[in-house]
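Here come two complexes built around subunit A, the first alongside subunit B, the second alongside subunit C.
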Partner chain A sequence: MVAVVDTGIAAPPAARPRSAPRTGSLTRWIVLLLVGAYFLIPLYAATAFAVETPGGGVSAGVFAGIPSQQGFADAFGLSLNLAVVTIVITLALMVPTAIYVHLRLPRVQRLFEGITLLPIVIPPVVLIVGVLQVAPGSLKGTPYLLAFEYAVLAMPFAYRSLDSGLRALSLKTLVEASTSLGGGWFTTLFRVLLPNLRSAVLSATILTIALVLGEYTMASLDQYETFPVWMVVFSQDDAHVSVAVSLLSLVVVWLLLLGISLIDRRRGRTTPGES
Partner chain B sequence: MAVSAPERAPVDHPIDGGSAPSRVLDGLKALSGLAPFAVYAFLFLGLPVIAIVVGAFTDPATGDFTLGNLQIAASGIYLQGYVTSIELSVVTAVIPGIIGLVVAYAVQSSRSSALRRVVSTASGVFANFGGVQLAFLFIASLGSSGLVVGWLKALGFDPYNHGFSLYTFVGIAIVYMYFQIPLMILVITPALEGLKPAWREAADNLGASAWQYWRMVGGPVLMPSFLGSVLLLFGGAFSAYATTQALTSGSLAITPIQIGAFLNGNVLSGQENVGKALGFGMIVIIAVVMVFYSVLQRRASKWLR
Partner chain C sequence: MTSTDVRATAAATSTPATGGAAVELRDLRRTFGTTRALDGLSLSLAPGELVALLGPSGCGKTTALRALAGMETVDSGEILVDGRDISRVPTRQRDMGMVFQSYSLFPNLSARDNVAFGLRVRGRSGAERTARAGELLDMVGLADQGAKYPHQMSGGQQQRVALARALAIEPRVLLLDEPLSALDAKVRLQLREQIRLLQTQLGTTTLFVTHDQEEALSMADRVGVMRGGQLEQIATPDELYDRPATAFVAEFVGTMNRLPAHVVNGGVRVLGRDVTPVDVGGRGVDARVDVLARPESIGVSAAEHGAGIVTGKTFLGGTTRIAVLLDDDLAVLADRPSGEAAQLGVGAAVDVVVTGTNLLLVDPTAG
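Moving on, here comes the complex of A and B:
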């Protein structure tokens, strides 16, 4: 294998590897081909499985038929509902706190980061056991208990997005400028800081949506039929539909992440601190 | 929340000459801005975790302190559950860790920026694609009537007659690799980018062979990042529940599945708190892993500036 690390900048001719580069690239392509096959074959298999019809033919009708499947509308609606509530909670909680910590309490920044990372240490299956133990009956009776917990699961992602957004701003200057021009904290937050944090807030939102739409563990153990729970239940009736829905989810994840990378690229172009 | 900054003397620079009590008061006032977040995190994260820890040490019948739950959780089928969980997590951390490193290196050392972009985008997508959706993808290919199994049967080889099943340890391990390999590529690539070409050139100029370079320079620099990434992969596999539950309907007895079974009501009388003891054990294991991870991260960051 060629053992020179490419930095993306054209290396001077002298630094080119002397050992036969052809063998190196051959090994490279074999590795990539094998690993690529591992990732692409299940995608191909799932597509073929989803579109095959009992008679042995092929039809893409299964995709068109998804929305009208028994229970789909309710489950997907519930998941979307939970996503909206989770996003509202996450943003209302994390945005002001992250700004406040960056601005006023830089010394507790590490502690704050540590707390937001805690949900990674607590497996969701363990967390939900504790939650169902302590939650009052009135909360256990509604699916929105899940939204409160999803906001906890979203903390690590949300913090990371907001933190990198805040680091790119000259926060102090913006706030001082706003206050010295007579802006109260409300004006400063909504008309100065939030517009500057738009891309950070958007990517936190997108990651939260992806999380809520895919979360199975807590929802199934709390016995609410969200979208992923419905997929498992429905697969007993028709596995073709569940496989088709899985493929669609993959496409949706891909689109959401593509959205984030486009946002990131735009963020890279704006000058820090501009308002 | 009040974010109005005073024009001068922000709180993080204590004012000289201020009396000690007023400084403490200022500090408390500043901290009070954290109250909403702190209360929320306590209610929905702290309290449940406390309930688990307390429950793990409580006798369900009398409410007294006991080590009985932990003893049950550390013996018999539950001990076996931990062993299987840890085995599964080690296998699906080390193998994808090595494969991910090789792929990341192959991509990184190629001169094609298009290849790099494709691999990093694909890694982002696949690393985030887990749960039940992933299970269905593999049922369609490696399930008993899956497409790949069909191809192999056509070639005269039925893997299901040779001890393979998607719904067992090996099958689950193959499925986990689908999100572990991309995750490894994502987390190890920055470390590979941190290997400076100048080091390689210096080694070349001093007459080092490729093997010597990797053994004495590249390897030691990469090692903390590699081990740290493998620990991260371990943590992910160890706490995973959805994929295995959807694939095996709970027949592969790993600890998360056993904990879930306690919630689904399969509980012997007197063992109501064993599920919490199992959860407590998982938290302890992951916490230990994370301590090692942060130590390795600190060592790795020395070279990644």
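Moving on, here comes the complex of A and C:
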């Protein structure tokens, strides 16, 4: 067997980063504090309102009582179910489409981007009517019809995430390398492209979850009590609990997204061998 | 590792050549809009042969390679491998290993898994894949780098892994699409020796596309020079250099002086002197021609009232390239032994003569 000794040239050591000027550092801190205040002050106000007791005291008991509130479990469960179904529909539609457009139809990329923006400018009621026109009859009486509507709503965000991921890849070369080695479309998609689009897919997933757990208009028009609808309805009875639920949902979504990000980071560090 | 070491290692090994396939491209035509990328290209590769396609950008060389790989369709023509027409066979069924110009390793897989990818697709067992990948990485000198990911490797290492990956599937034909062009000069030189070494040892029929004539001439058994979607000439490197078929080949391969001349009995009169014998190709006496002469066929000597002035010198080791500007603003390059060239300073008046008779005559207007 032929043997050739390693002649690889190591990359030159990176130059040591110079310490940033003090003024730049100060500016960064000011910006960080301002942005932090912009987000945290409303959260603080909401928390203060939620934990306020009629006697002027403070109690966290309102949070402990949320799971037992009437209709909470059903509404939250439905929203989680819809999030999962919406993600499946969105990824199943958008991933192959985005790859195909980048690979085979680069000239229509701009047009396609424009099309994906339409759900933002079209009124929800029009989208609902459109989905009703094409949805299978068996779905029309179920809340899962909402998942199709949400998939349309998620399109602008999901496509942009996937688009940026695809732009960062040498898509054509990777696909050609895979096919030259005997890989079919299935192999190329699942063994080459998706693992390298993991961050983009994750980003699309996170945005879709956030959208589904916060969407009110369509669910309300379709008369299904999803989590946001329940919150609005419940706030008419007890504003304190409603605000507490809003805060809790924010934390739950945040924890969910953090968990997904951590899983992704961990997978990235310990990608298993495949040979 | 020096080239001598590489050759010594090669001589010490005893890998039997697996034997490559015979490839034939017949009258391939491909048009993109109004551009004819392939305009009746015909080319044959003998089993185990390394043929380089050389030409300027847009000459169709990459299109030819991609057509052979199945990544580009052709409008007409046949592609035969071992006598079988594979024009309609999909890329993934052609059994051709390919190394790309840009880094093409799968970023999510380690070097070992990249090499094993083709074997995995073919359903080989895990043990076989691991063994074969290790063997191939050893062949390209990266046995201890198998666990590294592409982003942890240098460009040269990545291209060697790509080469190992292409060879792992025991391809019928190896296709190299300017695999060295993104690398720096030193790595490029080392890698081209490795590629040639492995190709010779394994006996894989190889088509190599490049715009770098030095690469083509140093690596290939035969070099095909392309222009406008057609093969201008295909020949061994020395034949291509010494006996170019056309003015385009002569001027594209190596350095060539183009000197105005006219035909005399049995030869040509160039730079004020008769050079004989020269094949004038049936041209009549006094016919105006351009003489194409290599720098090594030009003599330069100091002369107080010479017709030229030395305008520059480039030391090339044993020889020095001397640039001379003649009275009629004609620039001439001459390669002379460095000892002789040392006698001629920049600004010196010199006489210039054509010393060889192996000249190519072309019409003055020929491109």
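Note that the second predicted complex is superposed on the first by the 191 of 275 C-alpha atoms of A that agree within 3 Å, B and C clash if a C-alpha of one lies under 4 Å from a C-alpha of the other, contacts with A are read in each partner's own complex, and residues count from 1 in each chain.
Everything that follows uses one rule, which is that a residue touches a chain if its C-beta (ideal position, glycine included) is under 8 Å from a C-beta of that chain, and two chains touch if they have at least 3 such contacts.
The model shown is predicted, which means the values in this text are computed figures rather than measured ones.
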| item | value |
| --- | --- |
| Which of subunit B and subunit C A:182 touches, first, second, both or neither | second |
| Which superposed partner A:170 touches (first subunit B, second subunit C, both, neither) | second |
| Touching partner for A:195 - first (subunit B), second (subunit C), both, neither | second |
| Which of subunit B and subunit C A:120 touches, first, second, both or neither | first |
| First (subunit B), second (subunit C), both or neither touched by A:257 | first |
| Contacts of A:67 with subunit B and subunit C, given as first, second, both or neither | neither |
| First (subunit B), second (subunit C), both or neither touched by A:107 | first |
| Which superposed partner A:99 touches (first subunit B, second subunit C, both, neither) | first |
| Of subunit B and subunit C, the chain that contacts the larger number of subunit A residues | B |
| Contacts of A:25 with subunit B and subunit C, given as first, second, both or neither | first |
| Interface residues of subunit A shared between complexes with subunit B and subunit C | 1-8, 11, 176, 179-180, 184 |
| Touching residues on subunit A, where the partner in the complex is subunit C | 1-11, 170, 173-174, 176-184, 187, 191-192, 195-196, 198, 271, 273-275 |
| Touching residues (chain side subunit C, partner subunit A) in the complex | 1, 5-6, 9-10, 13, 15, 69, 71, 90-98, 100, 102-110, 112-113, 115-118, 120-122, 126, 129-130, 133, 135, 138-142, 144-145, 149, 153-154, 156-157, 160, 162, 165-166, 169, 175, 184, 186-187, 190-191, 194, 197-198, 201-202 |
| Touching residues on subunit B, where the partner in the complex is subunit A | 1-5, 7, 10-12, 30-31, 33-34, 36-37, 40-41, 44-45, 47-52, 55, 99, 102-103, 105-111, 113, 115, 121-122, 124-126, 128-134, 136-142, 146-148, 177-178, 181, 192-193, 195-197, 200-201, 210, 213-214, 235, 238-239, 241-242, 245-246, 256, 259-260, 262-264, 275-276, 279, 282-283, 286-287, 290 |
| Subunit B partner contacts - residues on subunit A that touch it in the complex | 1-8, 11, 15, 19, 24-25, 27-28, 31-32, 35, 38-39, 41-46, 48-50, 93-94, 96-97, 99-101, 103-108, 112, 115, 118-134, 148-149, 151-152, 155, 172, 175-176, 179-180, 184-185, 188-189, 193, 210, 214-217, 220-221, 228, 231-232, 235, 239, 242-243, 245-247, 249-250, 253-254, 257-258, 261 |
